[in-house]
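Below is a structure I'd like to ask you about.
Every chain is named by a letter (A, B, C, D and E) in the order it is written, and numbering of its residues begins at 1.
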Amino acid sequence: EGDSASETTSLKVMLDWYTNPSHAPLVIAQQRGIFERYGLDVELISPADPSVPPKLVAAGKVDLALSYQPQLHLQVDQGLPLVRVGTLIATPLNVTLVRADSDIESMKDLAGKSIGYSVGGVEKVLLNTMLEHNGVDPASVEMVNVNFALTPALISGKVDAITGAFRNFELAQMAQEGVKGRAFYIEEEGVPTYDELIFIANRDTLDTHRDAYARFMAAIEDATAWIINHPDEGWKAFTAYDPALDTPVNKKAWYNSIPRFALRPAALDVRRYKAFEAFLLERGQIKAKSPVSRLAVDVNRL
Amino acid sequence: MSMLKRFWPALLGIITLLGLWQILVVVSGVPDYILPAPLTVAQAFAAHQPLLWHHAGITVIEIVAGLLIGFISGLGTALALARFHGLRRTLLPILLISQAVPLFALAPILMLWLGYGMTAKIVMATLIIYFPVASTCYDGLRQTPQGWLDLAQTLGADRRRRLLRIQLPAALPALASGMRMAASAAPIGAVIGEWVGSSQGLGYLMLNANARMQVDLMFAALLILVTFGVALYFTTDALMRRLMPWHDDRISTR
Amino acid sequence: MSMLKRFWPALLGIITLLGLWQILVVVSGVPDYILPAPLTVAQAFAAHQPLLWHHAGITVIEIVAGLLIGFISGLGTALALARFHGLRRTLLPILLISQAVPLFALAPILMLWLGYGMTAKIVMATLIIYFPVASTCYDGLRQTPQGWLDLAQTLGADRRRRLLRIQLPAALPALASGMRMAASAAPIGAVIGEWVGSSQGLGYLMLNANARMQVDLMFAALLILVTFGVALYFTTDALMRRLMPWHDDRISTR
Amino acid sequence: MTSLGFSLSQARLAFSGQWLFDGLTVDFAPGSWTGLLGRSGSGKSSLLRMIAGLPIPDTHDVTLTTSDERPLSGRLAWMAQQDQLLPWRKVIDNVLLGPALRDRPSAAQYQRALDLLGDVGLSDKTQQWPKTLSGGERQRVALARTLFEDAPVILMDEPFSAVDAITRLELHELAARLLAGRTVLLVTHDPLEALRLSDRILILSGQPASLSDVDVPDGHPPRALDAPDVQRMQSHLVRRLHTPHGPIDGSGA
Amino acid sequence: MTSLGFSLSQARLAFSGQWLFDGLTVDFAPGSWTGLLGRSGSGKSSLLRMIAGLPIPDTHDVTLTTSDERPLSGRLAWMAQQDQLLPWRKVIDNVLLGPALRDRPSAAQYQRALDLLGDVGLSDKTQQWPKTLSGGERQRVALARTLFEDAPVILMDEPFSAVDAITRLELHELAARLLAGRTVLLVTHDPLEALRLSDRILILSGQPASLSDVDVPDGHPPRALDAPDVQRMQSHLVRRLHTPHGPIDGSGA
């Protein structure tokens, strides 16, 4: 299908953060020429601050960006002309982590503890929900912004737990330092499930690019399938993209990430967006409800 | 009255800046979530008063503490460098290196050692101020006119008194220049500290607002921060002038 | 030879620092992922040579360009402030404000306007250097001894020549002080620029390595960066001395 | 160049409310040399600053008129009591400061500066930095700079105070030669110097101070030091400096 | 206080390879006043610096011995050619600089400084900043600071050059009174001043320079100016300054 495209379309795609195994399908599609096959010339850009990509998409400086579903709700609520056009990782990655050798067996034991997080905008709400779900008074825990240093803060004992860690990555990082971790999964602790990594595009110019985005999602889909089929070869291709990626932690994270990739990146689960929006509205995180069509679209729908 | 006079040019500048900012926003059509217009920011400011002042209070403490410690340790280092020559050969490069290290790189270490409380942020603000103060003071201390040093020698001054009663006052103009500059940088130090690890203060508020795309709130916090910076500059300036009644820098050469 | 002599104290300081660092790591038992030992860093340095030099090359260009532009525009601003009095009342506070704004806050705007190429990073480095240079130069320009200004007046100098031939040379020692300081801060400017948006350069490498907990690699990059900072300081120092053959700052007062 | 005279009227100056002088009126004839004497602190340097139009921090006021009714500014050279050499300019470039501040020194000007430095006895120091000069050498550079200006009105504030007696006599002759026809106001503490060089001698004295004339010897400056006139008048002048208000010669201008 | 004599031997000094003087040897008798004259640039100030032990940038060497064989340092007061007032200290505090640099001025010292300022005619300026002083006033503050030190050896570099003739005579008397019994080395350009105040007069001259003695009038300093001796010797001295190497009085020390 894509092979027949005589003209190639250039796309600037901004990741949410430095290249890491969560971005595997993008990197693989690039490395294996899958984008080319779909008539796309894709430039991948990493930011250092995850809040920047949505702004640049909204301002029309890049075409697509990776962001997070909870943030999308806030962004749209703030009036940014953004819309989800695809899903990279279809489950939450967010976990609350404690050291396995600590006395914290469940979220209930977090009462009175200190919890580190990295500011993303919604950590407090998510954590409070989890705590309340477990009957813990959120006021009894001390929340500490440790920014980029989640793992060090936990393993060095500066905080008792961290939240907002990624299950595919931080656990591997802890293991690397010889510390076993215990994870509490957010969707098991009272928070509605959501898509962790999504592709967002500018709503105002969506129609002119719909075709390119559809091809882009198809390429991601192909790349994902190939990774699942060839995980080891995939790892090699991934590290060939940037030799600096070749670290033991990344390798672990690579295999941890594979089961998390959306098999149908373009597919839209309307219920998830409705439910999560309702959750945020109830928690006072957004001012108003938007129709799902303002939040997310299926680029393949006629 | 004289306060008003002193701050009037600054006010004028700020008003000009606000005007330019508003025009820029209108003309260039930058979207609100990148650069909100001053009026939007003013609204956010009004709407979030208690929140802003709460966080501002914390940051102010960090800034002022950092400033004082930075001033004192910077001046102390400069004096030590001028006093002990062996020290200079090794301490100066260390100082230089400390300046050349981006604070962000050290932040995790500092946080680990000092925890996520106020101390770490004060240390960050201190570090930002420390080098410019130490460096300009030291430069000033080195440039005492030879005649005064000769005089001190024949009058039988020991090194310590020569340093404190001759070189230090002679360096005051240079020192004032360094202090003024450092004062306006202090808020940045505190904010970086808060970015790296904190759940309070204007830096945290900015980070959080930014993550939540509340850019107007972020700019309102920024506005307070900048006001601190400017106020600190002028306060330091006034204090340094007080310290030098004999000195007339020609603000108003024709 | 004389180069060796000039840099010898710096080398000594660096060696001392490395020694202290190694001792600190051993004694305090800081884990590797917070503060790796110098030897570990040296290994990482050796292992990642091509990677490091590739990114370093990019950062060097940013630093040097930022430094030059920052020097020139800072000096230009100071001269303009000293020359045009109307300007001072409004420009000075604007300058101050520009200094008090944490660059991070402006980063998205800069990126929006300048893209994420090298320009934005050069602008960041420039901004970091700009204020200290402008501020110290301006302070220096204001403090010309009255006698020389009087002389210029009776000799019929116009304002421009008085500025360039009297006030500017008289301010050179102050200016040198500001330049030295700014030079050692330039690498930080470039790195902040890279943090904000880049896929190349030492700053990018550091943040990236940090995010992956490759702390040894991060410190190896940091080491290069610090070396730049120190080298720039001494280069600037040497250049400024060249500019002032008549001036003896008493490096070696007894 | 035709000579340019000028006159002051109602010159007044106060520091922190205390009048140094008030209502001074005096006329400087075109091409004449006036020696100005007075006790230390009487206001001589300040008066020169006022004539030169230089800033003074406190209350002051003067009406200046010139013989051709055009402003004086730009047509006078001022040699301050301190040498005011610029440390970043070599000796020759300090002499060439005037042209450098107005435009750019020409080759002819460079040669003239060299000649002047030779005249003041510094031909072997033209390329040195000011900091390597002795006190008297610095003063001679400042003198050369003033002479270089070739202005119709010259204000000199103790221009020979730091040089030895012999050099001083030589410089007197040099100045008299080069500044012939200029209107010169010379502040000095050396009565002999005043008697040697002046067409007219004024003493600034009193509280507030006024100016009074003193007799000068006959003949044209520079007068010989051993002229009996000069010797006699020196003691007279010194006595006048002691008792300034006695109406020995009639009162001031 | 017993008087302290000192002597120099083999004093030599060169700037950029050129010998200013080489092998100077001279003895300063305890309690004597020595006037040092010489052409501008002959090296008088440099010689004073060497005696005071102050840094000199180029080749130099001297052997100093004192009459009590203990080092001179800490027992001399040096008054430089420039006044070197500290702008951040008021007039009185400039006079008190010595005690402030060694310890902390006592009430008695404060009173003494006030008295000295009165002696030099500045009792109404004690609380002013140096920048508000006239040239002569600055020099008098520097003189008061030097006199305050009450040192057994005094080096003064043209200490009266910026004051008027009358003040100068008064200061001569003041210095002679306060420094009686001190060993004083006085650089001056005024032959009369040297004749008035010196027990011995030295001329530094030649290339490289040597020191030679000149006759001084009879009687004890300060001598009256109108003493016939003084007048006669003045012209003799001036002639000697002109032709330094003529063996008029026998050669130097």
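As a working rule, a contact is a pair of C-beta atoms (placed from the backbone, for glycine too) under 8 Å apart; a residue touches a chain by one contact, two chains touch by 3 or more.
Note that the structure is a prediction, hence the values are computed from the model and not measured.
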{"item": "Co-neighbours of chain E and chain D - touch as defined", "value": "none"}
{"item": "Chain hops separating chain E from chain C, counting only touching neighbours", "value": "2"}
{"item": "Centroid distance [mean C-alpha coordinates] between chain D and chain A, Å", "value": "84"}
{"item": "Mean-CA-position distance for chain C and chain A (Å)", "value": "37"}
{"item": "Length of the line joining the C-alpha centres of chain B and chain E, rounded to whole Å", "value": "49"}
{"item": "Distance between the centres, which are taken as Cα means, of chain C and chain B, whole angstrom", "value": "16"}
{"item": "For chain D, residues that touch 2 or more chains besides their own", "value": "55, 82"}
{"item": "Where chain B touches two or more other chains at once, by residue number", "value": "30, 34, 108, 112, 146, 195"}
{"item": "Chain A, residues touching no fewer than two other chains", "value": "49, 51, 55, 59, 148, 152, 156"}
{"item": "Chain-chain contacts as defined at top", "value": "A-B, A-C, B-C, B-E, C-D, D-E"}
{"item": "Touching residues (chain side chain D, partner chain C) in the complex", "value": "49, 52-55, 74, 76-78, 80, 82, 84, 86-88, 97-98, 100-102, 129-131, 149"}
{"item": "Contact footprint of chain A on chain C as seen in their complex", "value": "31, 33-34, 48, 51, 104, 107-108, 111-112, 115-116, 194-199, 204-205, 207-214, 217"}
{"item": "Contacting residues of chain D [partner chain E, same complex]", "value": "15, 37-41, 45-46, 81-82, 121, 132-137, 140, 157-158, 161-168, 189-191, 226, 235, 238, 241-242"}
{"item": "Contact footprint of chain B on chain C as seen in their complex", "value": "9-14, 16-17, 30, 34-35, 82, 85, 88-94, 96-97, 99-102, 104-105, 108-109, 112, 131-132, 135-136, 139-140, 142-144, 146, 149, 173-174, 176-178, 180-181, 184-185, 187-188, 191-192, 195, 203, 206, 210, 218-219, 222, 225-226, 228-230, 233, 249-253"}
{"item": "Of chain C, residues touching chain D in the complex", "value": "146-148, 150-158, 161-162, 165-166, 169-170, 172, 244-247"}
